[in-house]
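Which chain is which? They are A, B, C and D, in the order written, and residues in each are numbered from 1.
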Amino acid sequence: MIRFECDYTEGAHERILKRLVETNDEQTSGYGTDPHTEQAKAYIKQACDAENADVHFLVGGTQTNMTVIASILRPHQGVIAATSGHIAVHETGAIEATGHKVLILPSDDGKIRADQVKDCYDAHWNDVTHEHMVQPGMVYISQPTENGTIYSKAELVALNRVCRETGLPLFIDGARLGYALAAEDNDVSLADIAKLCDVFYIGGTKIGAMMGEAVVIMNDALKKDFRYHIKQKGGLLAKGRMLGIQFETLFEDGLYLEISKHAVDMAKLLRNALAELGVSFHYHSTTNQQFPILSDRLLEALKDTYSFSFWEKTDELHSAVRFCTSWATKQEHVDMLIEDIKRLHPSSVWQ
Amino acid sequence: MIRFECDYTEGAHERILKRLVETNDEQTSGYGTDPHTEQAKAYIKQACDAENADVHFLVGGTQTNMTVIASILRPHQGVIAATSGHIAVHETGAIEATGHKVLILPSDDGKIRADQVKDCYDAHWNDVTHEHMVQPGMVYISQPTENGTIYSKAELVALNRVCRETGLPLFIDGARLGYALAAEDNDVSLADIAKLCDVFYIGGTKIGAMMGEAVVIMNDALKKDFRYHIKQKGGLLAKGRMLGIQFETLFEDGLYLEISKHAVDMAKLLRNALAELGVSFHYHSTTNQQFPILSDRLLEALKDTYSFSFWEKTDELHSAVRFCTSWATKQEHVDMLIEDIKRLHPSSVWQ
Amino acid sequence: MIRFECDYTEGAHERILKRLVETNDEQTSGYGTDPHTEQAKAYIKQACDAENADVHFLVGGTQTNMTVIASILRPHQGVIAATSGHIAVHETGAIEATGHKVLILPSDDGKIRADQVKDCYDAHWNDVTHEHMVQPGMVYISQPTENGTIYSKAELVALNRVCRETGLPLFIDGARLGYALAAEDNDVSLADIAKLCDVFYIGGTKIGAMMGEAVVIMNDALKKDFRYHIKQKGGLLAKGRMLGIQFETLFEDGLYLEISKHAVDMAKLLRNALAELGVSFHYHSTTNQQFPILSDRLLEALKDTYSFSFWEKTDELHSAVRFCTSWATKQEHVDMLIEDIKRLHPSSVWQ
Amino acid sequence: MIRFECDYTEGAHERILKRLVETNDEQTSGYGTDPHTEQAKAYIKQACDAENADVHFLVGGTQTNMTVIASILRPHQGVIAATSGHIAVHETGAIEATGHKVLILPSDDGKIRADQVKDCYDAHWNDVTHEHMVQPGMVYISQPTENGTIYSKAELVALNRVCRETGLPLFIDGARLGYALAAEDNDVSLADIAKLCDVFYIGGTKIGAMMGEAVVIMNDALKKDFRYHIKQKGGLLAKGRMLGIQFETLFEDGLYLEISKHAVDMAKLLRNALAELGVSFHYHSTTNQQFPILSDRLLEALKDTYSFSFWEKTDELHSAVRFCTSWATKQEHVDMLIEDIKRLHPSSVWQ
């Protein structure tokens, strides 16, 4: 089985493993107070051009989302998110379990627009019964989105502006942030991200690390006591350096972006090949997730050799599916997949 | 600095690292549905003589405690624990954050007795206002305790009996379980643990793993939907095999117990040497944590070379402190520590 | 100002006040353990033809909804409700504050259908990632709905069937239950309600009482420890008899239905008069809430004399609004309102 | 049965009933936005000499405590309280259900001292592992305490000072506040209370009202969005004027203090009579709760005629019990009780 079902099918980047082996016998203090974690924080602040940021390392995405969000909201507040946002769909109600409603906005492509946020905010405050409703307390977006799409700099600037106007902190879920940064049509740098939001995280699990997400808090008001929140939510790793060492490796000399680019290049190979076949796509994604619409017959033929994710039926005979590449994807596997699709695709047959 | 402050100062056992390197390029499905995790579960069930157990791997202790406890209790119920129980003291209110009170019982040595549990249960139900009070819903104990002490088989049998009589599930926090199993005065096997409680966990973080705790659910009624709970509480690792591989290594041929014994042996060296000097101990511990009472002057002299944890002042001039050994402790370090204490200990000086 | 904005603008029915005065000097035990509360429970069980029911009195609707729902769901479960359900919109996230997501189903008229529930349930269990999503744990409907519409007996039978098949308890919010029971096209008796759901409540606040809702638990599995839940959620009134006396009065000889019918009759007067004018309605309601679509000019002219609730703009020049009648509505006020609308309505003018 | 078991055995003060009847037909807007509620707020602010206070009316004590506390604390914070505090004992874990630990301080008489609070605060911040522990976030005291004792002005000034120094808001549970204000040795006025804490409430349920507690928020930082919290916690009464009218009546011309004094006078009759008999008391209470230590034989003889609360066994043959008087207590009942005790008391017999 060649796996394209998600971007966490392999272990860790070899340089990370090597570093873990090299440092294994060191004795360090626990809970992220070790020198490797310090170094990793310094590298990340540098990469974000954000010397005043607070950086924390957590283990996984759901944990990070619920910890950040619960640390910001008051009990009567909710978090605005796209209807397809990870927190709204795929976290088993982790946000609600901390007491907060996810206030969903409709979205075709996984993104929400600044004017939607403004309208949601205004609708709340203009409703005479607003005390009977959950108050919007912050905004959550994903870059790239769960649909592989990315926000442009202009879109983020607009979101930033409306968030500042309304006083709603902006939180960016960067579980796959590297894959957005590496997209060919991306115009947003890591430093832009840092400047345009209040808090975000840089995903490691899906980009080269065994596990680990780096939370970067930009807004001073959100920094206080954050380690208490991590501990309470079960995210303070005793051997915290395991996360520190991984991010140290990813950020000391650009490995994070380098391997992100590889994944995006592999996805582009697949996208271009499918486009040439006349295949259409469910979402316009230039990142590592591709959502082609293929015939069920073709998919049936592929599924013994390749794993991928079913997304949704698009008509009687076709489905949108998701293929993910990653930092670890081998080009030979992508080539094989392309060849097999070419062979099986109706239009190819007809030629 | 030679570290005895806790049992998570090094990385992982070399065989675990080796296995992680060997398996790194394998492609597997996520969230613990991979073959390594399956194999690890099988080994653990065998080690526990519990073929019908459900085994799950989580990342850390606080996360495990809150996930297990929140999965068992109803909203109006609390968990009975020793006043020194980890959940009552050192988890930043993680249990309360899931909505539940920790119902504390006094304890001098970290253990609670069956009759205390029975009295607590009876006191609740005999109080005419019991609907105004938190209902005892389960019992939490640690083996070994936070004070290094261990429950005897007779004590566990008694707790098991009272828990069955009262219908309170018994949960054993085994963050350091190996260090109890390896204690020279221990008469409780892993199979005994499995038989005598409803759910327990085998700690990896403190015994050879980078991170990871293996939850073993014995009571069928507690098995349902447990993976939802793990996911909601942020403990379902995307690359779940990272935990599977570690526990596979620890349990395929007895490594877990072997390295646990090493830690306990190292602690014994220290304990015996101190006892010979006439040092008294704050708790009677035969496990890897030792709590000698030493003069503040001696401790002051040690602290530039060795790290250890302050526990509490015992009189004007002395303090109880904690020295931890672990699977990774080097005997030469223990010997050095002993020599230094011998040299510095008042009685030595006086000789 | 003549108020039609809601159905809680007056105090309590005069017979309730009289009874409160008569019984005021009695000394009784607290928290609903008094003879009046016992008597009220007996009357309600009789009215529901449900001798085995458990009956409890709480103070208000939001409190009742969150207490019932939190007592039923496990942490990873959510409650299915119409997108317009009170718990989804107008309770400031009270359900989420107890840790649970409201799983919304689209609805044009406030009702959800059995097949929607089935589809939602199937969609969850058929999704391979269902452990990453909130599990449907129960169903919430309102009778009448927030839009004034009512479920027919056939619809409730179908919901009951799908709930039994899927194991999802069915909870009926009866904040205005009397106004459904009294509707001319209603074919559902109180005994039907009791038979077709697992738990429901009979609203007092909006039908003659100062405050108070009577929860009726039919499903034995949901009865255990319910008073703990009431107490924990702040709903156990010290002078519980205040609620008992009110429901005793409402149910000893049919007062509840009698005054519900009055409200419905008043609403019918208004509805018929408006229909004669050619006014259309936003929802088809035969209960005490009427949602006519009127010109903004007319509404502007009315608003100094009458209070009513804005619902939504229906076009540039018109809005749907809500007029509520209640047990206390005076016919002379309805007549005045009708006359004024007749006078102001464009078609009248044009005649 | 003559009831002394608690202070909520009767209905409401007759003037309250009268006012409810008089105002019953008025039409007012809901949720406490009516003129009676406005008037009640004005009276209370005047009585507290606190024009800038925010006043809100809730239904019951547990509801009020959890709403206030949850509105103040951040997720990782707990509330400091006496081990006998109502929130620590008799609210079925309502505070924990909102996610927060109650941090208990030992107390013999129900009071906590300023230095205890300071020590608790310092112990937290001086512990190097404080991020692993619940952070003290506010202080809760009861005036009078659950044991009938009262804080002196000097004690409250000291608590106020330590709370300001440490930044911990001080919350006073005044479920029986009138009975403290009326105590003969009380030196704390309502205006003192308002000045010396951040938020407190004036209990109505136990002093003349059917139900209702008036929350007075003094600290501007705690005022924001409080109505959202009330609604979310189920405490926003639809017919809010029911509470407004009651407090309007209690505070328009001093009724609250007047009837409080009656209860305290009745308690004094009992206390003095028992003291003359040589009876000792479990707590030194000058308020409406009296805790005499009486022989079990005597109590057995009393219990068919009088209800009272068992408190605890004090020796083999004696128990401390609680007798409550209230605004509604009839002197003839107290006289009867005294006579019966005199007749039955051993020393009387022996004389």
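One rule holds in what follows: a residue touches a chain if its C-beta (ideal position, glycine included) is under 8 Å from a C-beta of that chain, and two chains touch if they have at least 3 such contacts.
The structure presented is a predicted model; accordingly, all values stated were derived computationally and were not measured.
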Check your understanding: Count the touching C-beta pairs: is A-D or A-B ahead?
Key -> A-B
Exercise for review: Determine, using the mean of C-alpha atoms as each chain's centre, which chain is farthest from chain A.
Suggested key: D
**Study point:** Cα-centroid distance, chain B relative to chain D, in whole angstrom
**Key:** 42
Revision key, fill the gap. Distance between the CA centroids of chain A and chain D (whole Å) is 51
Exercise for review: Quick one: report the Å distance separating chain A from chain B, using the average Cα coordinate of each chain.
Suggested key: 34
Point to revise | Residues of chain C touching at least two other chains | key: 75-76, 91-93, 97-99, 131-132, 228, 231-232, 236
Point to revise | Contact set on chain B toward chain D in their complex | key: 75-76, 78, 89-93, 96-102, 129, 131-135
Check your understanding: Mind pulling up the chain D residues that touch chain C in the complex?
Key -> 1-3, 5-6, 8-12, 14, 17, 20-21, 23-30, 59-64, 66-67, 91-94, 97-98, 205-206, 210-211, 228, 231-239, 241-242, 307, 328
Review point. Which residues of chain D touch chain A in their complex?
Key: 31, 70-71, 74-76, 98-99, 131-132, 135, 225, 227-229, 231-232, 236
